[in-house]
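I have a structure here, written as structure tokens, and I will follow up with some questions on it.
Should a chain be cited, it is by its letter among A, B, C and D, assigned in written order, with residues numbered from 1 in that chain.
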Amino acid sequence: MSNAHGIAGIPMKWVGPLKISGNVASTETKVPIATFESPLWPSVGRGAKISMLTERGIVATLIGERMTRSVLVEAADAQTAYAAAQQIQERIGELAEISRTVSRFIELIGVRHEITADLLFVRFEFTTGDAAGHNMVTLAADALLSHLLHTVPGISYGSISGNYCTDKKATAVNGILGRGKNIVTELVVPRQIVADQLHTTAARIAQLNVRKNLLGTLLAGGIRSANAHYANMLLGFYLATGQDAANIVEGSQGITVAEDRDGDLYFSCTVPNLIVGTVGNGKTLGFVETNLTRLGCRTERPPGDNARRLAVIAAATVLCGELSLLAAQTNPGELMHAHVQLERGDQRTKGEA
Amino acid sequence: MSNAHGIAGIPMKWVGPLKISGNVASTETKVPIATFESPLWPSVGRGAKISMLTERGIVATLIGERMTRSVLVEAADAQTAYAAAQQIQERIGELAEISRTVSRFIELIGVRHEITADLLFVRFEFTTGDAAGHNMVTLAADALLSHLLHTVPGISYGSISGNYCTDKKATAVNGILGRGKNIVTELVVPRQIVADQLHTTAARIAQLNVRKNLLGTLLAGGIRSANAHYANMLLGFYLATGQDAANIVEGSQGITVAEDRDGDLYFSCTVPNLIVGTVGNGKTLGFVETNLTRLGCRTERPPGDNARRLAVIAAATVLCGELSLLAAQTNPGELMHAHVQLERGDQRTKGEA
Amino acid sequence: MSNAHGIAGIPMKWVGPLKISGNVASTETKVPIATFESPLWPSVGRGAKISMLTERGIVATLIGERMTRSVLVEAADAQTAYAAAQQIQERIGELAEISRTVSRFIELIGVRHEITADLLFVRFEFTTGDAAGHNMVTLAADALLSHLLHTVPGISYGSISGNYCTDKKATAVNGILGRGKNIVTELVVPRQIVADQLHTTAARIAQLNVRKNLLGTLLAGGIRSANAHYANMLLGFYLATGQDAANIVEGSQGITVAEDRDGDLYFSCTVPNLIVGTVGNGKTLGFVETNLTRLGCRTERPPGDNARRLAVIAAATVLCGELSLLAAQTNPGELMHAHVQLERGDQRTKGEA
Amino acid sequence: MSNAHGIAGIPMKWVGPLKISGNVASTETKVPIATFESPLWPSVGRGAKISMLTERGIVATLIGERMTRSVLVEAADAQTAYAAAQQIQERIGELAEISRTVSRFIELIGVRHEITADLLFVRFEFTTGDAAGHNMVTLAADALLSHLLHTVPGISYGSISGNYCTDKKATAVNGILGRGKNIVTELVVPRQIVADQLHTTAARIAQLNVRKNLLGTLLAGGIRSANAHYANMLLGFYLATGQDAANIVEGSQGITVAEDRDGDLYFSCTVPNLIVGTVGNGKTLGFVETNLTRLGCRTERPPGDNARRLAVIAAATVLCGELSLLAAQTNPGELMHAHVQLERGDQRTKGEA
């Protein structure tokens, strides 16, 4: 029936394995990527192969995590807004209590605010266990907002979300104040592997990164972002693992750093806004359960550990694809040649499937 | 086999119908949305219903279309870069010839450049028929770059893409110079329908739009964007129609305008960077073909007409979801209430499915 | 002698008086503005006159103050950078001690950091008494950086300033984390005064503000800014009071809000990054001393009070000029007419002078 | 009398000489800088000295010039706005005629537009001879807007300025579409001079530039800007030459590129939005006339040539100060040491003066 539930079947492939170490997980794992763009698979695969050729692989360091929701209230005037903001800061313990009623996995870890005219934007920061936390923090924000409207004088309802959260919009606030999991990945590729596997040099990749990712994005009017195509890897990984893939909008605001270190390549991707979870919406679908399990993210662990593991795997996947594309773009014609070949090969594969 | 092709099955539903008029299409059609977030369906559905209650429905005006790719060349110095840029402008006819060898559907319609230090970024603008055009413009840019490197003195290869295109990154250049289909949608909702269907007033929606979408996004450090959740609708629609959904990154940089016109609501969504096609990668999958056909976008028409039709349907879908969410957020608690109900209902539905 | 000290004499005029109330000062005062653009004087003057016609005048609320400097260190890797950042947070008391050795007026009130790849940006926040504080915080940052380099393992010198401060650059970080004095000014103008003095209506000003300052700036690719010409008033006031006027770059990133409240006009200017002082560089020049004294900012008061007073006067001056220009732009031709008249009048005045 | 004209006397010094070549001027000249911040003089002076030690000096390439004003009109709906925009493009010749009635020095060279909802922003681009052109383009825009309102159906007055110009606001549009004079300066400093004069290496300056100016500004949420302190040099130069110094807001959005070329330093400052003139407001003051004359910018030349000469001198001044500061920041403690010394020296000098 035309109105019934159907399925949009996105082609999916397991790529890798890639090697990860760091402060969250040490593992070798293949990664699932769902995409209409088949060249993405070998692109990530090449990066993964290189990670396997190095001793430590991709070192992924988690340096922060939180989920946020900003509410908006209107005050009688700026002075009242300011007084309200001060009260809120003083009552964080009380607010933390209220937010805990929503879920045993949520914990209020901070509150920031901003005042413009007589408007007060309050940005609540939470940890949310293994959930990405969109719904949990909205529920908590709703409870907190109700409480504030009843107990703080001179303010009235503005919006349950004031766009200062910020969800699924490219802004600066998420990077500066934090939202989602903030992960730095690093890979040192020996000179010979750069030559053999990537057909280029560390110096050329470093120079291209400055010119394309830093200068090019800057000239384009980018905001807090300098990379070639994080969005591609994030989309493919998010779809394959049941994430809310619209979070690639802010997730793709990350920064690639490449340096020539005596011929070896230091390559790093900072992905400050990874919004991922191992429970919640979409996680009960069969293929998602299967994929999360295979990634080792459905193991019995303290709350949050599975989600952190998933996040570093996502970040490592980003690095693999980014490294591969940048290397290709140092060589005139390579990208086009590869695309044409892959597309042709893919047609054949599809024909066989 | 673990490495074989699999499928990520995203739940999909046809929502609507919605009513569209304007300079591209006049139609009433349901729209397919694939998402892990089930509340999105009734949200879009409510907006669609309202469009059906009005005489003209959603008026969608296409005001521009192009696909772009920027190449990067290094010059001997800034003066040489400048001379090269001038030459390129003078030789547009010749360059158009070369790009036509790539495809009979591609046409070079403009070239812009930017110089920083001794680097020259050249941004080629093309029309690409019914294809979104990613591959077509890369192929053309590759041919043009080769040609320029052979015929313009003093320049050498920098990159086939200089991030000034800009693909899948949130920047300002796409909005200012254009990339993808630029569409304005407008819907005038009579006062009574605002009250009955949206349980609010035009004045409250207009005020919320200023405070949340304009001021809130501004405070968050957004760039050329002011909306509540375009990314959600675009993702769902892109996945259901075989688009490269990573283009929601720039696609979601759009602007909502809401005005109270004597109690009636003027509601408009400008979506300047819609990257969609009806042919190309992903479009040969069964469900995609079915969906495009059902949307009337596989009809025999002049090249480009099917893609333009698809684009206005996408833009109208965005308006439906945006209107519904903004209206909900004018009412304290409504969003949470709806989510809880829907999620519960959805669980039941899923259990039944 | 050609290399000797000379003087660039900028024409200066005292405008007003304007009326201020709020949490810092209640006063009526003229304000000095030095500018080559003579129409600025009557423009601010008109706003000032309106403030005098209202009961409370311009209500200026100070909602934050700090001066910042960010240092940059390179770490062995991201994990080391992260460990260093954690150490720094734990040792804030110790760091505050060190910064106090620089001046008895400086106090460390917070430290934020950001990590990208193996780079650690540390942003120190201080209060600096009555000084704007550029030199004081650089001196303190230098001492703190030396101390950290000697006591935190695995880090080395990157830069005394990492551009994450951010000084004299238009960015998002200053608004989000704070830098300088953050002041909201509000003025409620009764309907009749809007009509008589501004020859327009609250509704027209509110609409223009949304379309020009919010939407127009957004389309132009602005960052955290929505106003017509804060830069003009800040420049004139900064020059007249011995400030480092290059701080108008971030100072001019402010937000105008205008609302029609039953025919009365609610008009507000939020100026989050006012960098001003009453002591320090430039403040010993004769005309500066005279002007600061006349503004009541050289009175015997607790440290910081004079600077806060100066800041609210600066912010109120911004509001006066902003209100006047926006009102003028609601009327076709008024701006041009006024300019032509003023320029002609000014010529005559100059001729007479 | 308290309301009479006074003077804000900003300390001014001639620094240099510096050496310039390129497509506008070949000259050696001292430059005047008016500032309250005395360390700026020796900072620029050091860069100037280095330029004198090289054969070509600072090569300044002018790659574009225009002055802009955007008007805002409201249309009946988006379709009407689109039709109006198309009409305007077709009638550029007619519009050029009208703009010429304003001044014999103004020439309309382009029109761009942007549509959001039912709003049409039209951005007129002009050349304005030797004037910076603020008033000239406002006068022309006023005439053009009147004409359009009378001849294009379905549109009404919005604003004489729609903030899409953009004047004195930090945005992306000016860099992408152009506003003011767009100048690239380049200086190649031999390895030995880097060592002797700057006490550092090309490699260290290049690395610092990537980390501080590119990465640091990016993390801070900057928009189209990557430099250490262009605002300082522009302010000092603008004040000394009678410019509207509020234009440092967009003028300071420029990009520093530094590269290590076999030990030599390639150093470049791109300053895309220099708004300067040799006639107009402020240019008739005595010290301004003297300074412009001494800079060789009051010579009998074709219209525009004097302003272009002034612009390249301004841009070269920017490079001198930028190079000096970046070099200093590669050495721990140097900046602080220099400041302390200079401030002390300056006190002495002031005492002597």
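The working rule: a contact is a pair of C-beta atoms (placed from the backbone, for glycine too) under 8 Å apart; a residue touches a chain by one contact, two chains touch by 3 or more.
Just so it is clear, the model here is predicted, and its values are computed rather than measured.
Chemist: Note the rotational component of the Cα superposition from chain C to chain D, reported as an angle of 0 to 180 degrees in steps of 5.
Modeler: Going from chain C to chain D via C-alpha fit gives 180 degrees.
Chemist: Roughly how many whole angstrom separate the Cα centroids of chain A and chain B?
Modeler: The mean C-alpha positions of chain A and chain B differ by 21 Å.
Chemist: Can you give the whole-Å distance between the Cα centres of chain A and chain D?
Modeler: Going by mean C-alpha positions, chain A sits 38 Å from chain D.
Chemist: Measuring centre to centre with CA averages, how many angstrom lie between chain B and chain D?
Modeler: 35
Chemist: If I count partner chains per residue in chain B, which residues reach a count of at least 2?
Modeler: Those would be 114, 116, 119, 171-173, 175-176, 215, 219, 221, 223-225, 255, 257.
Chemist: Take each protein chain as a node, join two nodes whenever their chains touch, and name the resulting shape: line, ring, star, complete or other.
Modeler: Basically all the chains touch each other, so complete.
Chemist: Across the complex, what residues on chain D touch chain C?
Modeler: Chain D residues touching chain C: 2-14, 30, 32, 34, 36-38, 70, 72, 74, 114, 116, 119, 121, 135, 138-139, 142, 145-146, 149, 157-174, 176, 208, 211-213, 215-217, 219-225, 227-229, 231-232, 234-235, 239-240, 242-246, 248-249, 252-253, 281-282, 284-287, 329-330, 332-333, 335-336, 339, 343, 349, 353.
Chemist: If we count contacts the way the header does, which residues on chain A are in touch with chain C in the complex?
Modeler: So the residues of chain A touching chain C come out as 22-23, 59, 61, 63, 77-79, 81-82, 85, 114-119, 171-173, 175-177, 184, 186, 221, 223-224, 255, 257, 266, 268, 270.
Chemist: Using the touch rule from the top, collect the residues of chain A that touch chain D in their complex.
Modeler: It is residues 172, 175-176, 210, 214-215, 218-219, 221, 223-226, 255, 257 of chain A that touch chain D.
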